[in-house]
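Look at the two complexes coming up: chain A is in both, with chain B in one and chain C in the other.
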Partner chain A sequence: MNYFELFGLIPQFSIDSTKLETNFREIQSSSHPDRFVTCTSAEKLQSMQTATFANSAYLTLKSPALRAAYLLGLQGIDAIHETNTNMPHDFLMQQMEWREAMDDAKHAKDVVALENLLAEMQTEAKQLQENLAELFDTKQNFLVATEETRKLIFIDKVCADIHKIIEHLDV
Partner chain B sequence: MALLQISEPGQSTAPHQHKLAVGIDLGTTNSLVATVRSGQSTVLVDSDGHALLPSVVRYLPDGSIDVGYSAQAAQSLDPQNTIVSAKRFMGRGLKDIDVSMQPYHFVETKSASGEMLQIETRAGIKSPVEISAEILKALKVRAEKSFGLAKNSLELVGVVITVPAYFDDAQRQATKDAARLAGLNVLRLLNEPTAAAVAYGLDNGVEGTYVIYDLGGGTFDISILKLSKGVFEVLATNGDSALGGDDFDRRLFCWVLEQSKCSPLNANDTRLLLTKSREAKEWLTDHPSAQITSVLSTGELVNVTLNTKQFNELTQTLVAKTLTPTKKALRDASLSIEDINGVVMVGGATRMPQIRLAVAEFFKQTPLTNLDPDKVVALGAAIQANTLAGNKNDADLLLLDVIPLSLGLETMGGLVEKVIPRNSTLPIARAQEFTTFKDGQTAMSIHVLQGERDLVTDCRSLAKFELRSIPPMVAGAARIRVTFTVDADGLLSVSALETSTNIEASIVVKPSYGLSEEQMLAMLQSSFGAAESDKNARMLGEAKVEAQSLILAIHAALQQDSHLLIETERKAIEAQLHTLEQLNQGQDADAIHQATEALNIATEAFAAKRMDASVSRALAGKNLDSLEI
Partner chain C sequence: MAYSDKVLDHYENPRNVGSLDKNDPNVGTGMVGAPACGDVMKLMIKVNDAGIIEDAKFKTYGCGSAIASSSLVTEWLKGRTIDQAYAIKNSEIAEELALPPVKIHCSVLAEDAIKAAVADIKAKQAAKQAA
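Showing the complex of A and B:
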């Protein structure tokens, strides 16, 4: 059973997030270990496995980048671990600019600049998500989708780094 | 009044009967026990009507052990043998603790890896786990008395014990060990702020996003929860497991020393002035100023007066220290203060006006203080215990909690690689693949750490695992998949598999700050103390209870879902069931135990089928209750 099947969703990039959340809660309500405290150890084990699987599935499908990577995985494409760094030139330049802006703001201890950078990257991420919806759901162009997915994963990583820096500065 | 149903002695309770379960708030300063009675969560009181049990344990000269108010009263007379705030030492080594203000004789362990610290008392060397077990035993006795049960009755099906959300694996494990020593069956370790949210949320019927600000005697937790249709989903949690009301007492105590310029204090005077400081802190909640007067054992007189303004200034850094984790939790949940529907105040220390003011200013709203901050955690724990025990009153209640601190592995150069990030919903499992470094290598060691920092030295060492019996291969050929699982109690377990040959690698766990199994067994032995026959009777009793609960569970499962089985499968299960039922009439603990185990194994496939069916039912949107008829 794949993650989409678990939640009764069609395996595509655009998903009904309300349905995902509702069905996640339904599944947890029937499979969570709290429901099996007085049950047999076989049932406890079963509950642990199902609840764990549901948590991983929910986490993956909730995040656009992980969801895209998972869809590619279903096509036999490993977008995360692939060492192929064949990214378009303009995105590589953009990457370097973002990293530099992050380092500058970090050294200047400029939280506002970091927040602005986050907002800028979120806008870019939104655009990528729209592209991905089309690439996966309409065109079924997995080659280009792989490229866009890796851009999205990259943005997520830098955003996480920025969050970490803000956390350090903002105490 | 309804007639009481009394079953024959030794006979187990019928399945429809209300199962007795309690919630315990094992606090740094005070502990409580609560239960659900007639649908209402209630704190159980002692024979004097006290709800709180001071978390103070005194080892007396005659060998007896005193817990609670009388122990607390003796603390300045007998400070070395009267242990307060033992919770601060749970799962901790000596280097984690500021020993300067502690009157105890801590025992340095020889091993350099760092074991849990211990305290030398007149009753011998005691670990914080044993001390906490004494508090739990006292609460157990209180519960048994209030249910009208005999001591060590097996009718108390289990307990939910609360822990600070920010407790790490070692501290959680230590708490569970203490419960085992006290002879309690732990249904679940529950995070204190989550317990408070349950009590608050159910009591007020609220939905939305709530913050629980929990400042206890020795720990601070902040949790953000989404409450919706009986589901309590923790979005993020943060805190400081070494910050609490005690620190306000100490701040005040240091100020008193400065003001009165007295000579260095002995243990008794330290304890005396700490107590006076605590009383002054409490007094300042409702009064503009407090006077601290005391005659020390040296004859020196201490007499100082403090107003609220001074107290606020003295403690403002402590108050500010609670806001840092608060900001982090909000950020982790991707929320801003406008998204918060309410802030619930929990823990005795939130009675301090300066705390309430700081929280109100930060969240731009008046915090919710309508539940007793001392009792709310125990009340919530009791509700959860009642649900877990299978009393159907709160069948819709579901708690989805998270792991508070990231789990990682040591990699090259003393760095930590995160395997499970903080705030992941539990239960969770993650696998990581490793390979060998040398040709023919058959073992490797893995170091598991918990914390947010990048360096191994800045994180808490949880365990070092030795993977053995790896089949010898050329370097880099073996594929060892190590799976980390964190259960609903927030406790970690690890398994390993060599995937190219499917050989399970054996694991040796060395908990860095826990008790070893041998230590646990030794403590259990001495705590039974009594004759061998008592021990055997207890073992038989436990085996029977376990068998009986399995028998009931299987009967219920067959009644509900036997259509999932083919004839031969059903017959096989029924045969095993019959064997166990027969054996359970007898007195052979070992045979009962083995048959229980066999029945468990025989029903594994059935359990899997039932889970699948249950998940599909959930998704079909059908009401489970309507299917159970």
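Showing the complex of A and C:
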């Protein structure tokens, strides 16, 4: 069973997020350890495995970048293959500039600049997600989808780093 | 995960950080990235008329192993010909820095950055000869 099947979702980029939430909560409560206190150890193990699988499935499908990478995986494409270091030059230049701006703002303890940078990257991420919805669900263009997915993974990484810096500066 | 002493040394005192003039016809630039970790690496080499690398600079955003790999190769590149540079293998970098298996991809990134920089300088030279 794949992650989409687990939650009764259509395997595409645009998903019914309400259904994802509802079905995840349901699996979570039906496989909760408290329900298996009086059961055999085999049943306990089974429920624990179901809960773990559902948890990974939920986290993967909830994140647009991970969902896109998972969809590519279903097509036999490894989007984040470690030995593939070839990315569009302009995109890498942009990454460098964002990273530099992030470092400058971090050293200046400039939370406003960090939040502006975050907003800029989130706009970029939103655009990529719109592209991905079209590439996966309408055009079935997995080659271009792979490139866009790799970009989105990069952007998510920088956003996560900026969040960490902001949290650190706030305390 | 513990870093080796060599990785720590390069990470704490990175060699040759910075940039060269990208518009200089004798400067080649290589840029590569790895989505898995979000690493970005820029390597620049300055080559003299005899085809020998006179200077090398890098800028890397990434983990300690990625920074150490790029710092190490800038040291190795100086004095080598571009063909010798092109022949550098990631396994040599990984061995020198004693990288654990999960960090081998950082050395792949450094090897690919060298290859990209050499390809760039060769393209510039070819354009110069054609002109």
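Just so we're on the same page, the second predicted complex is superposed on the first by the 170 of 171 C-alpha atoms of A that agree within 3 Å, B and C clash if a C-alpha of one lies under 4 Å from a C-alpha of the other, contacts with A are read in each partner's own complex, and residues count from 1 in each chain.
Going forward, a contact is a pair of C-beta atoms (placed from the backbone, for glycine too) under 8 Å apart; a residue touches a chain by one contact, two chains touch by 3 or more.
Not measured: the values here are computed from a predicted model.
*Asks:* So in the superposed three-chain picture, is A:43 touching just chain B, just chain C, both, or none of them (first/second/both/neither)?
*Replies:* In the superposition, A:43 contacts chain B only.
*Asks:* Figure out whether A:52 sits in contact with chain B (first) or chain C (second), or with both, or with neither.
*Replies:* First partner only, chain B.
*Asks:* Now for A:74: first (chain B), second (chain C), both, or neither, which partner does it touch?
*Replies:* Touch status of A:74: no partner.
*Asks:* Counting only touches as set out at the top, which of chain B and chain C does A:10 meet: first, second, both, neither?
*Replies:* A:10 contacts neither chain B nor chain C.
*Asks:* If we overlay the two complexes on their shared chain A, which of chain B and chain C does A:108 touch? Say first, second, both or neither.
*Replies:* neither
*Asks:* Report the partner of chain A that touches more of its residues: chain B or chain C.
*Replies:* When the residues of chain A touched by each partner are counted, B comes out ahead.
*Asks:* Which chain A residues come up in both lists, the one for chain B and the one for chain C?
*Replies:* none
*Asks:* Which of the residues in chain B come into contact with chain A in the complex?
*Replies:* 19, 157-158, 187-188, 228-229, 231, 233, 324, 327-328, 331, 384, 387-390, 396, 398-400, 424-429, 485, 487-488, 549-550, 553-554, 557, 599-601, 603-604, 606-608, 610-611, 614-615, 617-619, 621, 624
*Asks:* Which residues, counting only chain A, touch chain B once they are in their complex?
*Replies:* 6-8, 23, 25-34, 37-43, 45-48, 50-52, 55-56, 58-59, 163, 166-167, 170-171
*Asks:* Spell out the part of chain A that touches chain C in their complex, as residue ranges.
*Replies:* Answer in residue numbers: 79-80, 82-83, 85-87, 89, 91-93, 95-96, 99, 150, 153-154, 157-158, 161.
*Asks:* Applying the document's contact rule, which stretches of chain C touch chain A when the two form their complex?
*Replies:* These residues of chain C touch chain A: 31-38, 40, 42, 59, 61, 104-105, 108-109, 112-113.
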